[in-house]
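Look at the two complexes coming up: chain A is in both, with chain B in one and chain C in the other.
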Partner chain A sequence: MGLVSLRRSAGCVLAGLLYLLVGTGAIADVKPLKLDTTADHSKFKELQQEFQSGSEVTKACLSCHTEASKQIHQTLHWKWDITNPATGQELGKRNVINNFCTSAPSNHKACASCHIGYGMSETFDFTAQENVDCLVCHETTGRYKKPGGFAGNPVVKDTEFPPKSGKIIKGIDLAPIAQSVAKTRRQNCGTCHFYGGGGDGVKHGDLDSSLDNPDKELDVHMAKNGLNFTCTTCHKTEGHQVPGSRYETTGMDNHAALMRGKPDDKGRNTATCQSCHGQEPHKQQAKLNDHTDKVACQTCHIPEFARGDVPTKMHWDWSTAGKRDKNGKPLVVRDDEGYETYLGIKGDFKWETNVKPNYIWLNGVNKYTLANDKIDKSQQPIYINKYEGSPTDGKSLIWPIKTFTGKQPFDPENKTLVVTHLAGADDTAYWTNLDWDKAVAAGMKTAGRPFSGKIDFIETISQWPITHMVAPKDKALACNECHSKSGRLAEIKGVYIPGRDANDLVDTFGWGIAFFAFAGSLGHGLMRVFSRRKH
Partner chain B sequence: MPKYFSRLLCSAALAVSAMTVAVPASAADVKMVGVVEKIQLAADGKSAQTTLKDIKSGNPVVIFIDDDETLAKFKDKRIGVGDEIRTKFDDAGGKNHSKSFKKTAGC
Partner chain C sequence: MAERIYIFKRFERFWHWSQAALIMFMMLTGFEIHGTYSLFGFAAAVSYHGIAAWTLIGLWIFAVFWHLTTGEWRHYIPTTEKVLLIAQYYSSGIFKNEPHPFKPTLQSKHNPLQRLTYLGILVFVSPLIWITGFLYLFYNDWTAWGLTDLQLDWVATGHTIGAFLMLAFLVSHLYLATTGHTPTAHIKAMITGWEEAD
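Moving on to the complex of A and B:
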């Protein structure tokens, strides 16, 4: 009895102390314990200052993370330059010409909004450590922005842009943004990768802002109410290197699931399905595992792309650009849902949602038509990039792709694609003056490439592997989607697909046997009936 | 014959009542692009009403917003008057409850 009263008294004293502490504010400011990190960057003195530029933030970061910029300097995200080991081609945004906004060179002030550096230009210093932008991948406020026109720099003071336009870009305070840094979230990656090609969902088809907060129907891995993966769960970095670039796609991963620390797994692409699911992923319907040596997981498990109610561009015709409205401004035409189907500065577009992919044999080698490659209008459409693959090379699987078609300017005399100067306040930028002659001349001069002065338009195609927006297994393709004569794989050659394929000789022979068996039975029956009557 | 008529009347009544019930249930998602004319944050900061000028009709449309992500954008001025917005909202009960509210801007 005495012990119980003692406990009660102690409890009352503790409760009283707690009340006093809370009442005096002694523990009122205690923040909830962060369990996903061992460092709260808001407590670091280096970050408790007023920053006048992004580079100043980077210098503060580097005072602790001494090797970070040096690691970044080795990455494709930084260099925008990569040599394809299979073809020897120099790829990356500094080298390729695509059939969206065509080229980053000559447009760096705008395009560099999506470079992980500050002050990108034709003469950019790729060796400067303070030029690395840590915030774009690590800030968590969602307030960090690098507006187009500022060469990848954030705007820290209210600025009128374009100059004399009356439009004000609000400056942002970099200190709380710098203090918020943490592991990369999907929104960090999405800032650029969801908006590739000039807007939400434009380029990839399987990457758009619907993946900010997807449900399971859209993506079983990223669903907030499911596995809640971030991009880096699969694209797992090592020394800031991000695996899984389309410039060096893994067409076939025939290894078992990755095992941490296993020496043989060093350097493997962690972003393949097999790196987690292995070679026999189907446990309940083991027959489906017979497909994995020929068919990429994505083929069945991503039945359509652009499923998140955000359409993707499927066609872009630059040749029709240049029209103005009655006020002399570039013409804008929208569809019923408000998506632009014509822009005076860009030409005609086609948008689609819930798109069925095309299917190809893909071994990962991605061959580009580069700025110095010869092209001929008689052979249009020209492949901007084309994945290689075959049923017999032992390295290919049947993959789903987005096929994006376009019509873009080229030099008919030199027979090359051209670099176009699109963005900028100067008189040569196409989006300012709608003058192709000036825009292409300026673009080619900046890129240091020969230009005849003549411009024509040529039809082009680009291929984009589809690998995100993985649907739940009950939404995967049904068998008859492929195992039928006019199914999704109707055009795929070099593989026998039951239900699709037939050999005329075997079919004739089989039907012949059936016919003769039937005729024989019928004849035999008739003869018995006939002979019975006789007797 | 009276039995036949009573059945017919019952069927008609059922059909009418089903249609009456179906009207409010059929409220659908509405997609719209418009320019922000006004943003009114609630005193507790947990919701907001915005007025968008529909670019197609030119009419003002009031939309109710209560998702944290968009409210945060209002609070720190990442979305403000004059911005062009692509929105999807549920017009059930005339409340125009926002399901998606994003700037249209691209490069």
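Moving on to the complex of A and C:
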């Protein structure tokens, strides 16, 4: 009886499967069934029109996704402004001055290529819903571009830019791009985060275009033939809020792996290693778990950054900028591999690949030198930003960082960093005229800050925590990289590292008594030999 | 014909030599971990040191059982009787070919100086090494055990002090092994079990 009914059920299942196969096969001829979404945006009437601007696309999006822009309005991606609760400092791209292109203010037309909005300016309307750029994060064609000079707008009609230059920027058709939208892919994030600082890999060192399609050696999580993570697998976004921030770094996550629904885990940063791996991730070599209270995972598991054959900038000296070539154009000097080592508009650079990080105690508090802060050349190098941390605050781990050094303009009289007007088609922009006086005066005026009229250059340092490009475990740091006298952690204080540290007094006495025992034995033995000969 | 006594039993000799090998191996790996030299590489040294430690603990469980069940533990009862005489022998008599004032017997195979030395090892050096060694092994559990104020450098330094004391003992022990009536008499006894009195 049971057997018969089993056979009957099996028959039904087979028939059903056959039907499904034949049935879906017929549809597959037209278009494969999408399994990662319930909506095929190319079928929506709202997106089948000729869009004249990015904002028109956004309006179409908002007709269904009614809350999207308002969610975006609450994010750092939109505001470029965040108050660090630990220091009270107002950070974000609208406030900080860095030692790459130094500042977004006064340069929005160029910098806003990486703003998720349309038309960023000093007087931008941050409340306008149609100013949100949905496409830059959601389009999947790879054809969407926000060229520099257009304040974050895409160019829809062929346009001569810069004006009267004879160079044409090809217009793009926004309709197919709008119809392609889907969940954010790594290329969407990479559009800005891989190219920060003015080019591929320039800024972070652990983020560059090699992560578009990395092998396992480069990124054990993101390799396509492996786990194939996207950025949002870790930076698990809810309501458009992306967890994980350099402004508010999680220096130490001392919790177990995150569990869905667990009340204590509410609001935790999902982008930490520990949020998945917990505190005892090493199963086979459990002794390694002894490190997790002092050492960030990244320290051993990212032995070097810029490992994907894309070099990262390590040094930028603005003070040498301004040279022109024979034709009066800003000078360009390239190295053997074609990377620019000198630009008349930017100064001297140093590039490096496979860079060993520096290591610091880091508790996540990122303290900046802001536009108002007093700086003095006698104290150079000045830290543009410096992570706080100590072995004793209970909140710090030993982290790898990229230390980026530079030399940049400052006001020696007012003793402040300066906002420089770099980009723009106007007469004051440094990249047009190579004139520091005009460029800084214009930048400071736009930023509404006092400027003495004097310019000097000051050495600066910025710190970039290294957290991407996690290597497979067999490529993690070997023990003796740190457990040795002059290893990678030679400068780290406040922790006893076997193999590096020893109590000198104990060592001296210890070898002393061992030697004493040896010498005593030797002396005694010799006396035995000689005395017995006599007797 | 010299008098022969079967002084070191089969298990005792096995215990002695395997313990000797393990302790020397642990010194070799331990001082590498300490940063004194590079031999196996830090990772391997740590791993070997741990394996040797657990092996030695296993050996000790058998050794303690053996000592208790056979009554051999009595050889380690400390005494000061004749200790000055023995000290006098090693500092003077030995050079004049005088006979050793202590004759090992089945009832008492260690001379008083040995008994005092082993007492020192048992009550001071061994506990120092084992307690700090255990703490070292279970570093991650300190918080759970309530040892929140314990610092790794204290534990490591204590462990190192223990290691140096063991090293000093080992050097002296190796030398004193040659002070029998012939330089190899004691060593032969430890291998064959038979002690020849002269």
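The working rule: the second predicted complex is superposed on the first by the 504 of 535 C-alpha atoms of A that agree within 3 Å, B and C clash if a C-alpha of one lies under 4 Å from a C-alpha of the other, contacts with A are read in each partner's own complex, and residues count from 1 in each chain.
Assume contacts are C-beta pairs under 8 Å (C-beta built on N, C-alpha and C of every residue); 3 or more make two chains touch, one makes a residue touch a chain.
Everything quoted here is computed from the prediction, not taken from an experiment.
Student: Answer with clash or fit: chain B and chain C placed together on chain A by superposition.
Tutor: Fit - chain B and chain C, as placed by superposing on chain A, sit side by side.
Student: After the superposition on A, what does A:Arg528 contact: first (chain B), second (chain C), both or neither?
Tutor: second
Student: According to the contact criterion defined above, which of chain B and chain C contacts more residues of chain A?
Tutor: C
Student: With both complexes superposed on chain A, which partner does A:Asp501 reach: first (chain B), second (chain C), both or neither?
Tutor: The second partner, chain C, only.
Student: A:Phe509 in the overlay: touching chain B, chain C, both, or neither? Say first, second, both or neither.
Tutor: So A:Phe509 only meets chain C here.
Student: A:Arg324 contacts which: chain B (first), chain C (second), both, neither?
Tutor: neither
Student: Scan A:Glu280 for contacts with chain B and chain C and give back first, second, both or neither.
Tutor: In the superposition, A:Glu280 touches chain C alone.
Student: Of the two partner chains, chain B (first) and chain C (second), which one does A:Gly142 touch, if any: first, second, both, or neither?
Tutor: After superposing on A, A:Gly142 lies in contact with chain B but is clear of chain C.
Student: With both complexes overlaid on chain A, does A:Ser113 touch chain B (first), chain C (second), both or neither?
Tutor: After superposing on A, A:Ser113 lies in contact with chain B but is clear of chain C.
Student: Give one of first, second, both or neither to describe whether A:Lys183 is in contact with chain B, with chain C, with both, or with none.
Tutor: In the superposition, A:Lys183 touches no partner, neither chain B nor chain C.
Student: In the superposed arrangement, does A:Asp309 touch chain B (first), chain C (second), both or neither?
Tutor: first
Student: For the superposed model, what is the least distance in angstrom between any CA atom of chain B and any CA atom of chain C?
Tutor: 34
Student: Using the touch definition up top, name the residues of chain A that touch chain B in the complex.
Tutor: 101, 110-111, 113, 142-143, 145, 148, 170, 195, 198-200, 202, 209, 309, 334, 337-338, 423
Student: Under the stated contact criterion, what part of chain C meets chain A in this complex?
Tutor: Touch residues, chain C against chain A: 33-35, 38, 41-43, 46-47, 50, 90, 94-97, 139-140, 151-153, 156-157, 160-161, 163-165, 167-169, 171-172, 174-176, 178-179.
Student: In their complex, what parts of chain A are in touch with chain C?
Tutor: 280, 285, 287, 289-290, 292-293, 478-480, 483-485, 495-496, 498-503, 506-507, 509-511, 513-514, 516-518, 520-522, 524-525, 527-528, 531-532, 535
Student: Quick check on the complex: what are the chain B residues that touch chain A?
Tutor: Chain B residues touching chain A: 31-33, 55-56, 69, 72-73, 76-78, 86, 88, 100, 102, 104-107.
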